[in-house]
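What follows is a set of structures for review.
In the two complexes that follow, chain A is the common piece, with chain B as its partner first and chain C second.
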Partner chain A sequence: MSRQASRLDAKKVNSEFLTLTYGALVTQMLRDFENAEDVNKQLERIGYNMGMRLIEDFLARTSAPRCLEMRETADRIQQAFRIYLNIQPTISNWSPASDEFSLVFDSNPLTEFVELPPDLTNLRYSAILSGCIRGALEMVQLEVQCWFVQDQLKGDNVTELRVKFVRRLEEVIPAGED
Partner chain B sequence: MSTYYFVIVGQNDNPIYEKEFSTVNKELRKEDHRHLTQFIAHAALDLVDEHKWKTANMQLKSIDRFNQWFVSAFITASQIRFIIVHDNKNDEGIKNFFNEMYDTYIKNSMNAFYRINTPIKSPMFEKKSEIFGRKYLLS
Partner chain C sequence: MSEEILFDCLHAEIVNYCLDSNKEHDLATLEYIGFTTGYRLIERLTREVSRFKDELETMKFICTDFWMLIYKKQVDNLRTNNHGMYVVQDKAFRFLTRISPGTKQLEHAPKFVAFTCGLVRGALSNLGINSTVTAEVQSIPACKFHIEVNRN
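Right after this comes the complex of A and B.
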């Protein structure tokens, strides 16, 4: 049975709660790993694992049909951000081949109140988002690359997340089975 | 002509933010009061702790004076003390300034990279205090 859409409202959490929890997670990881690059990698992995599970919930909630091209996929990602984070990124900067686009965020609930200290400029604070997109799309047989082009935390006007289509994953029979 | 010395004092009596506001031009200033104002603020800490039990208010108003200097204080729920040493009466302005700084302080402490009771180095905070100082204290 698919989950009822109305159930989401009852579980709404305060966005500041999310901001502070995520902030505590990132700073604790920084203290544990003592290296921003490792933290980036871990955050991306957390996001990836979340995305792999979230896609199931997303499909159940929206009963979205299969996407035939990247433009549809982009709309779905936009819709997912609205459902899960209540923010609406704008889709722009399509590449001529239509296989690469940007999600532009005016605001990011994860980075509210946050100011990066000057010695952490290589930290990708919101790496969990890019990991999430990669994980979710991988579960629907799309391999993508996802990275930050601009970040409000680093003084840019907007946060821009670039998504690039790599290839379609073919279903293969696991080794050892006929 | 007025000067204000604003300091935020942490839970262990450690200063975490300091700022001076003055309408007097730096070159024209006859004497440097900086060491003196620091002393007065420090001496007033005990009085702040005394006054905080007498009222439920966060604003402690004028709590001490030394020669021409007045001391006004504000105490947050987590026992962070805001102190202003000033040389002319401006209750309304100081009250507004404290309220705005309290707001700014809360925003700053919501930043995951800021650890409580450590000096505030955020450029955003600096800019805000500059703006509010000019708006409420010096105008």
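Right after this comes the complex of A and C.
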């Protein structure tokens, strides 16, 4: 039995398991909601919730100190992608005021087996990623906007995620309560 | 294991999503998400594995290699009556280990095992075994999965 186990690469299987499960979830949502916009919102919300939990794990794992400027934050986000998804986005396209940057992905494990049908062009399949960043940063008192500029699923060469600093949150409001 | 926490978070969110969006609060959607995942995953896992000679060998694969990859441990016990009933026991089931043990939480247990019921059913289905999978939780985090092969 162990003979078979050695042939299966645990890391790869883990990543495929995540990819396939996420795919099954998106498919289910497309059945549950009439239009893709609603699915985008749901995915974004799920990402947001995950981000709020993942940041704790991230801080515990890296014992990273408080970021003093957005450039540090960008590095941390990059590091988080490496830890959790085993991919390294490139940080680029800084705005002159250093409050806005892009994360550029050559590959995206979430979309590994995915092809969008023509009628779903407004589906943001990886919306969970932007939600995750927003949720995680909000837990460290940073409000940001996060959106997709380019997406390989829609025929672009790379996937580009834009992150924009909005403001520093002063008071800590209990999260998750609407 | 960094991917583990990521998946645990995703799993928790899927559970919430399925229960929120579903007014009847049944676990069918959750089970189905597991089913399609298992169905696709096993195809990729068994690509390089030689064909299983019988049902029991298939079950063993599920309980060892498959379980190991997904749940980071082998099952603690696999029993069969040799008539298509299999009982898989996991004494520390991954999705239950983060829940505090106690009878009070027991009512929440079904939603944390439904995905896996589907996952196993989907995997078996793609390997040519049509089955019904149910789970039984008597004390967290132990879980028993009952696999009943439908032979008709």
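A few points about this structure:
Operating definition for what follows: the second predicted complex is superposed on the first by the 158 of 178 C-alpha atoms of A that agree within 3 Å, B and C clash if a C-alpha of one lies under 4 Å from a C-alpha of the other, contacts with A are read in each partner's own complex, and residues count from 1 in each chain.
Heads up, the rule we're going with is that a contact is a pair of C-beta atoms (placed from the backbone, for glycine too) under 8 Å apart; a residue touches a chain by one contact, two chains touch by 3 or more.
Everything numeric in this text was worked out from a predicted model, so none of it was measured.
Partner contacting the larger number of chain A residues, of chain B and chain C: C. By the touch criterion defined above, A:Y84 reaches chain C but does not reach chain B. Of the two partner chains placed by superposition, only chain B is touched by A:L116; chain C is not. Applying the stated contact rule after C-alpha superposition, one finds that A:S63 touches neither chain B nor chain C. When both complexes are overlaid on chain A, the residue A:T27 reaches chain B and chain C alike. Within the superposed three-chain model, A:N157 lies out of touch with both chain B and chain C [touch as defined at top].
By the touch criterion defined above, A:F17 lies against chain C but remains apart from chain B after alignment on the C-alpha atoms of chain A. Annotation: chain A residues 16, 20, 22-24, 27, 113 touch chain B in one complex and chain C in the other.
Of all the residues in chain A, the ones that touch chain B in their complex are 16, 19-20, 22-24, 26-27, 112-117, 120. If you check the complex, the residues on chain C that touch chain A are 2-7, 9-11, 13-14, 16-18, 21, 29, 32-34, 36-37, 40-41, 44-45, 48-49, 60-61, 64-65, 68-70. Taken in their complex, chain B has these residues touching chain A: 107-108, 110-114, 122-124.
Taken together, the chain A residues at the contact with chain C in this complex read 1, 4-5, 7-8, 10-11, 13-18, 20-25, 27-29, 32, 42, 46, 49-50, 53-54, 57, 61, 83-86, 113.
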